[in-house]
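One chain, chain A, links the two complexes that follow: it is found with chain B in the first and with chain C in the second.
Our next item is the complex of A and B:
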């Protein structure tokens, strides 16, 4: 390994940029896939196929939707406050993306005597940063509602203001409980505290905090069952009634980015981040005692299964068979198996093994993240929307006392040394 | 308006906790999602352009006018269908026929398919059994004018409708 390559690989800037790329992959690149996934998941739950015409499994439909949105006319309603109307979607999107800065995608990795981590900024108030930034999203939503000069938008904005502020309290208090458990505000230390057995996970350390956190998260992201902000059966589309084209697209993407950030944060706070229970992601005594080859084998198996599924003839035209897609999948599977083999051969090259373990950690985090993203979709098509008074009652009379109780309980348990 | 009181059974603590019932509901939706994913052929749907729902034997679709063996329309322009048509969708102009046995034939026979309510009264009224309704229901078009079907559009086709 030449000197310059070592200096690049050990530079913190490299890894910060890579972590940024990681965040953009999961959000901006992922959004078309998420919208497709949401529609397809909804369809499957409702016993219908969903978008399945364009491309393998209908995946290209998402790109078609994006193009349609981009070329639409951008309408600003008469009487709208043009500045606020323009700024509001930007606030929502910027705020949602900024929170990714402190997400640790991997643990500490030793490279040529230096410690690196796949994280943009290792702030020592990481979790507070996320709470502070994400709570600014309410400005975007209320401004959009106010500046549109539309009664439905106004109602949506008002509801957003009340709802997001109410549930933020429960959310913050649930997080306080987790801060007590881990004794740190740094997200990477929180994840590090969950290594080991399954019962080290935040979920088992503080189940009540998890419940409160999940409910408050759904309210914060304005997802069903708390989507009163854009309740389409009552107030048309709520705060984004008067938005079209890419400004609407920004709101739409902002919602998905917010969901993504919430899913990642749930994994980090409660589901062990990049750790697999009872398994060591870094170094073992033999190559196959570490997770990397097994993760690669699982990826290969998944790709082959999908390839078989796309290429087999179907009795009904529910998904388009696509041999090119199948070939790509087989190639990916081959690559994964090749990597696993390389890992077995060059296991003793320290930097290669370290990079592989980093890949493992990211893969584990992403798999958990995908589960929580699916949970958003799953809940959306299961639970009906709350009524407004029920929402407020739940927020102030149930969640807030429960969260306070949880803080007291956790403090006592931490002081007693049980957590 | 009298108020009707519905007595719902009181919820027990399990139901009031809400979370457990949500989990139960989610297991149901997940069951449906898995069923749809693994056995798509059992979905209660028709993939429309490729698969079509079979229509009933007596389905009333677009009109057809039968031909005589020589190919001319069976219609004798008696105006029975035009008279009976509830929305006045049929417009016939009669002319004298060369064949002395037939007397009249339609010079033009127009059905406004936008007006038509597919009631089938014209079929009932026809003394010559000339008009009937086929099972074709796919004649969406770009303009209203294209949906004013003329005699040529209505005459029986060689292979018949779908």
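Our next item is the complex of A and C:
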């Protein structure tokens, strides 16, 4: 390995950029897939096919939706406050993307005597950074509602503001409970604290905090059952009634980015982050490197199964696109198998094994993330919406006292040495 | 060099946004400028190694208090004629000249005498641990007094909002 390649690989800038790319892959690149997933998930739960015509499994529908949104006319209503109307969607999107800066995507790995990690910024107040930045999101929706000069928008914006401020308190207090459990504010140390057995996970350490956190998260992302902000039977579409084209698109994407942040944060706080339970006892001293070929084999198997399914005679009648999709899947499967073979040949090269373990950890995190993303969709199409007074009662009279009780309980348990 | 560029960028932006807060006619624009201003001050805190203070600045001021400001302003929803006519009076000009004089004094007289001879701070200067140790150690009494003040404010707001308490 030449000197310059080593210096690139051990530079913290390289890994910060890669972590940023990772965040963009999961959000901006992922959004078309998530919208498709949301619609197919809804269809699955309501026992109908959903968008399944364009492309394999209807995946191209997502691109068609995006193009439709982008080429629509951008309407600014008469009497709207033009500046604020333009800034509001930008605030929502910027805030949601910025929170990814402190997410640790992998643990520490050793490369040529230096320790690197896939994380943009390792702040000593990591979790407070996320709370602080996401508390700015309320301005986006409130300003959007006010600047549209429409009473339904205004009502939606005020509802959004009241709801997000109310549930932010419960969310923050639940996070305080987790800070007590792990004894740190750094996200990477929080994940490191969940290494080992399954019962080291935050979920088992503080189940009450998890319950509060999950409910507050759904309220913060304005998803069902807390979507009173855009309750279409009462206030048309809430704060984004007067938005069209890509400005509406920014709100729409902002919601998905916010969901992605929440899902990743849930995994990091409560579900062991990139850790596999009992990894060290089951897979030896370097468990994640050992797991690498199996992860690659699983990926290859998944790709081959999908490729077989799309090229079945029944489907082949539809389009040639299916065959191209299948070819890409087979290529990905081949690449994964090649990597697994390479690991088999060069597992004693330290830097290669370290990189492999990093890829495994990222894969573990992404799989857990996808589950919690699916949970958002699952809940959306299963649970009915709250009434507004029920929402406020739940937030202030149930969640807040419960969160305070949780902090007291956790403190006692930590002092007694049981956690 | 990089730090100097960031300082002049955020410092300049702070001043511009602070000016906008008082110059803008629409109160909502003023409030938004104030939020931006607080954000820039947080950035300046972060550059002075006061990381925790920077985060709390954004969380409490920009994230919580200004939301209430904005709510009140939006619900009042003042129209242009309700704000009154724009006035260019002699007092304003006199005030501006006085402000320039004070700013000049601050920058060229007071600042050089205070910035000399500050000791360099350690690596853990503004971290949560250090701030926590100071708050719950030597400064425990002021901290608790401040929290009692906040409690009194909460009780006061409840008493005002609820007509009948029991």
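Side notes on the structure shown:
Here, the second predicted complex is superposed on the first by the 400 of 419 C-alpha atoms of A that agree within 3 Å, B and C clash if a C-alpha of one lies under 4 Å from a C-alpha of the other, contacts with A are read in each partner's own complex, and residues count from 1 in each chain.
In this section, contacts are C-beta pairs under 8 Å (C-beta built on N, C-alpha and C of every residue); 3 or more make two chains touch, one makes a residue touch a chain.
From a predicted model like this one, the values you see are computed outputs, not experimental measurements.
By the touch criterion defined above, A:382 reaches chain B but does not reach chain C.
In the superposition on chain A, A:185 makes contact with chain C only, not with chain B.
One of chain B and chain C touches more residues of chain A, and that partner is C.
In the overlay built on the shared chain, the residue A:308 is in contact with neither chain B nor chain C.
Judged by the touch definition given at the top, the superposed model places A:211 against chain B, while chain C stays out of reach. Considering their complex, residues 41, 43-49, 211, 314-319, 378-379, 381-383 of chain A touch chain B. Residues 81, 83-84, 87, 123-125, 128-129, 131-133, 135-136, 138-139, 142-143, 146, 154, 157-158, 161, 165, 185 of chain A are the ones touching chain C in the complex.
Partner chain A is touched in their complex by these residues of chain C: 26, 28-29, 32, 35, 51-52, 55-56, 58-59, 62-64, 67, 70-71, 74-75, 127-129. Taken in their complex, chain B has these residues touching chain A: 19, 22, 25-26, 28-30, 32-33, 35-37, 40-41, 43-45, 47, 50-51.
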